[in-house]
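Heads up, the next two complexes both have subunit A, just with different partners, subunit B and then subunit C.
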Partner chain A sequence: MSWYALLGAVEQGLVYGIMVLGVYLTFRVLNFPDLTVDGSLPLGAAVSAVAISFGVNPFAALFLALGAGFLAGMVTGFLNTKLGILHLLASILTMIALYSINIRVMSGPNVSLLGRNTVLDLFMRFGLPGYVASIILFTIISLSIVVFLVWFLHTEFGQSMLATGDNPRMITSQGVNTHTVIILGVGLSNALVAFSGALIAQNQGAADVNMGVGTIVAGLASVIVGETVFGRGGVLRAVVAALLGSILYRTAIALALSMKLGAFSFTPSDLNLITALLVVLALTAPRIKARFFP
Partner chain B sequence: MMLELIKITKYFHRGSVNEVLALHDISLDVGRGDFVSIIGSNGAGKSTLLNCVAGCFFPDQGVIVLDQRDVSKWPEFKRAALIGRVFQDPLLGTCASMSIEQNLALALRRGRRRGLGRGVRFEDREMFREKLTHLDLGLENRLQDTVGLLSGGQRQALTMVMATLARPEILLLDEHTAALDPKTGQQILDLTQRLVEGMGLTTLMVTHNMHQALRMGNRLIMMHRGEVILDIAGQEKARLQVDDLLARFYTLKKEAFSSDKMLLV
Partner chain C sequence: MKRFAVFVVVMFVLFGAMSHVLAQEAKVVSVNQFVEHPALDAVLKGFQDQLRESGFQLEYRVHNAQANMATANLIAQQIVGEKPDLVLAIATPSAQAMAQTVKKNPQMQKTPILFSAVTDPLSAGLVDDLEKPGANITGTSDLTPMDRHLELIRELHPEMKALGVIYNSGEANSRALADLLKVETAKVGITLEEATVARSSDVFQAAKSLVNKVQAVYVPTDNTVVSAFEALAKVCHENKLPLYAADVDSVPRGAVAALGFDYYEHGRQTGAMAARIFQGADPATTPVETQKDLELHLNLPAAEIMGVTIPEAMLQRAGKIHE
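Our next item is the complex of A and B:
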């Protein structure tokens, strides 16, 4: 794998890492398997791309995406808690609804940002080459979100969110309305996912309605790879592990794609297979370790 | 009165072949500071009664007045502001993945708004440590340990402390020693006695154990098939023996129930 490909993988790992932090929030903190993300990632991309094409400041466009993702997540939370729809199904319903909504938002299946200013252009004014600028910017943003999440999960409200995922009966008997916590928690998660989608769109210069396909799988794979490699432990460790897991995951994918065995090499269409194998490996690693290296 | 139940009726699976009349027109007044033990056979409605007070479900009929407030329509989380609870399953009362101090901090804010302030405050730690010292389990030196590392008895002791950390108007104990070994169960009972007497708490304690019911509290209620069939308080309760209790039960119900699980004394 070339140096350039590695940098590309790290960059992808960081920008998708924000999405992974969102997935961590639902999957691990709230214990809520949330497939909304496959729709909210392109939603964030769409909202920010359309906003920019209307002349909105690229940074402001990121926050519009954040808000849109929050609303999408709240819908899933509402369907689950107030209407009593199974979490998985509730999130699938929001996801497919978002497919139509995203096309409405973009008035078509995609929006190009060609010739438009993005957050990266603003950042590159300092004279840095594009691939360095994006890594620096994404590092700053993703680390800020790590800090925010660690702080948030130690607040009174954040603690009741952790408790809601761990033991809903207990936290209800301590006076917390778990419905509110779930709605806001899934909202916050999807806000991060949409924010990530907005950055991705600005980075690659386009938003596309299909760019969200497989987001949840990549997100789960990253969370699980991170946990396997860096351990679970407390909140700080888990959040950092999720971000690093994202970088590891993208690196592993890049490695696999650059691999050549004689005449054989992987193609991008093999990505799903590689991801599946990677998750299986990460999930079984503790068993294999216990079995063969006691 | 701290708690008034007025003509409470609750069916489960109403209208189906599995229809059960869990609570049948129950009226009950519990005075401030009363410690009521509730006994009865399986399916008598003891836990249902407690869950009804806690708000786990709404009764089909009847009114629940807690501390002069009609809480009949209040959801469970809202009633929690007035109620401390300990469950039969020691794993239910605490969060396994969180630390001892985090669990205590969650309990300290029962019934209060939870905002963006620090979950575990520095100034609370000293108070937590002091409360845990009374348990004599060494937990005061393990504030940062994950609760999942504790034994069932330790977790139940912690749950007792949590249920009374923010003073509840009423304490609901649902067979809270049934899942523990006898020795640990006794320790939890001693702790219960100490906390309830120390704070003068109004308490409802469901138990399967007649000796326990006779020894604890100043009032005893026996339930059978969703009804209160015996209600003894004060001096009369203090003189009561297991044999009297059985005799009263026989005469009241005139049923042969030698196989009944209630007789596990």
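Our next item is the complex of A and C:
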């Protein structure tokens, strides 16, 4: 694997890591399997790309995306709590609705940002090559979000979110309205996912309605890889593990891409299979070690 | 801490196993293909055949994003490390990923990048001008000559009042083609009935929605619909609804006729462009090309089932007839 490919994997891991932090919030903290993310990631991308093409500052466009994602998540939370629709179905409904909404937002399936100003240009103006600028920027942003999340989960509201996921009956008896917690929690999660989508679009030069396909798969895989490799104890550890899990997951794909072992060469269509095998290897490494090297 | 140490060791072993010394004698061509798909695979094959027949010794690094945008970007970054002599990007998302990578990696600004199977390179932001691309990116566009396709359908159905079109509203290419078709049908006073799908499994239902509303159905070069072409053909056969395609590969699968877009030839055309660039042409002044020769393909059993009579003159000029 070349240096560029490794940097590329770290960059993608960081920018998708923000999405993974969102998935961690619903999947682990709220215990709410949320498929809205397949729609809210392209929603964030669409909103920021359209905003930029209307001349909005690229940083301001990120926050517009954040707001749009928050609303999308709140819709899922509302369908689940107030209308009593099962969480999985509620999130699927929002996800498929967002497909049409995203096409409306972009008035088409794809908005190109090639040649437009993005958040990366600010850094590249100082003479940094883009592939370094993106890593620096995404590191700063994702670490800020890690700090924010750790702080947030220690606030009273954050604690009631943790409790809503762990033991809803107990927390209801403490006088907390779990409906509000779920609506705001799923909203916050999707705000992060849309924010991540906005950064992805600015980084890759286009927003596309199909870019969200498989987001939840990558999100869940990253959260679980992170937990297994780096452990779960405590909020700080769990949040950092989710971000590192995302980098590991993208590194596995990059490794699969660069594989060419001796005479046995993989064909390009084997990519997903190899990625899966590498992730299995990463997940079972601790177990194998405990078994054979106690 | 122990876990982390184990992780580092495992990764280190993997890196060692996978890094391999590259022989740098032959020119290296890196390929960023978006998804496995008969048409896109044909582009790659045509490209490689053309260059081999022109006598080039090339080493290919083929990557396929398996329809995942994030992977297309990882591949683009991977290609930077391969230090290729030329890059081929197949389909719009892969081409956009490559274009953005050039912007972020200044050392790539001298590497020629050719795109193929891109319908609208202008609105995709790949080139500034079709005649003078201006940078190191140029290629071939698969934009359909919609006027000639409509002409073919009208030749067989002079009485046609309404034409149906099925496409995925989420594909940028298809949306552009549907808009183009709307302009062309409006010119000759035909109503266009649009049925959109979001995934291949919607095609059957969309086809049913057109029955009794239109006299013929047209399918543009749409990845989603073409991959479920058999479902569409079934509905059209059962309801005697004549079906027309934009690519010749769909004719044996049940369309009456297509005025040939041949993706294999499209790939060969891109390959010929690559050959010129290897011989010293500058991508910045190499105009974006569209397919020149269109071949008429006919499917006689399908025409009979759907009640279409094909005139003798048309049989004469057909390039290929499926009996």
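Some observations on this one:
Here is the rule we use: the second predicted complex is superposed on the first by the 260 of 294 C-alpha atoms of A that agree within 3 Å, B and C clash if a C-alpha of one lies under 4 Å from a C-alpha of the other, contacts with A are read in each partner's own complex, and residues count from 1 in each chain.
Note that a contact is a pair of C-beta atoms (placed from the backbone, for glycine too) under 8 Å apart; a residue touches a chain by one contact, two chains touch by 3 or more.
Just so it is clear, the model here is predicted, and its values are computed rather than measured.
Judged by the touch definition given at the top, the superposed model places A:I85 against neither subunit B nor subunit C.
In the superposed pair of complexes, A:G130 makes contact with subunit C only, with no contact to subunit B. Between subunit B and subunit C, more residues of subunit A are touched by C. In the superposition on chain A, A:L184 makes contact with neither subunit B nor subunit C.
Contacts of A:A97 after superposition on the shared chain: neither subunit B nor subunit C is touched.
In the overlay built on the shared chain, the residue A:Q174 is in contact with subunit B alone; subunit C does not reach it.
Judged by the touch definition given at the top, the superposed model places A:L236 against neither subunit B nor subunit C. Of the two partner chains, neither subunit B nor subunit C is touched by A:L283. Of the two partner chains, subunit B is the only one touched by A:H154; subunit C is not.
Against subunit A, the residues of subunit B that register as touching in their complex are 54, 75-78, 80-81, 83, 85, 87, 92-98, 102, 105-107, 109-112, 114-120, 162. The residues of subunit A lying in touch with subunit B in their complex are 152, 154-160, 162-163, 166-167, 169-178. On the side of subunit C, the complex with subunit A involves touching residues 3-4, 6-7, 10-11, 14-15, 17-20, 33, 36, 62-78, 80-82, 92-93, 96-97, 99-100, 103-106, 123-126, 169-172, 175, 198.
Residue ranges on subunit A touching subunit C, taken from their complex, read 1-5, 7-9, 11-12, 16, 96, 99, 103, 108-110, 112-115, 120, 124, 129-131, 133-134, 200, 203-206, 208-211, 213-214, 218, 229-231, 250-251, 253-255, 257-261, 268-269, 271-272, 278, 281-282, 285-286, 289.
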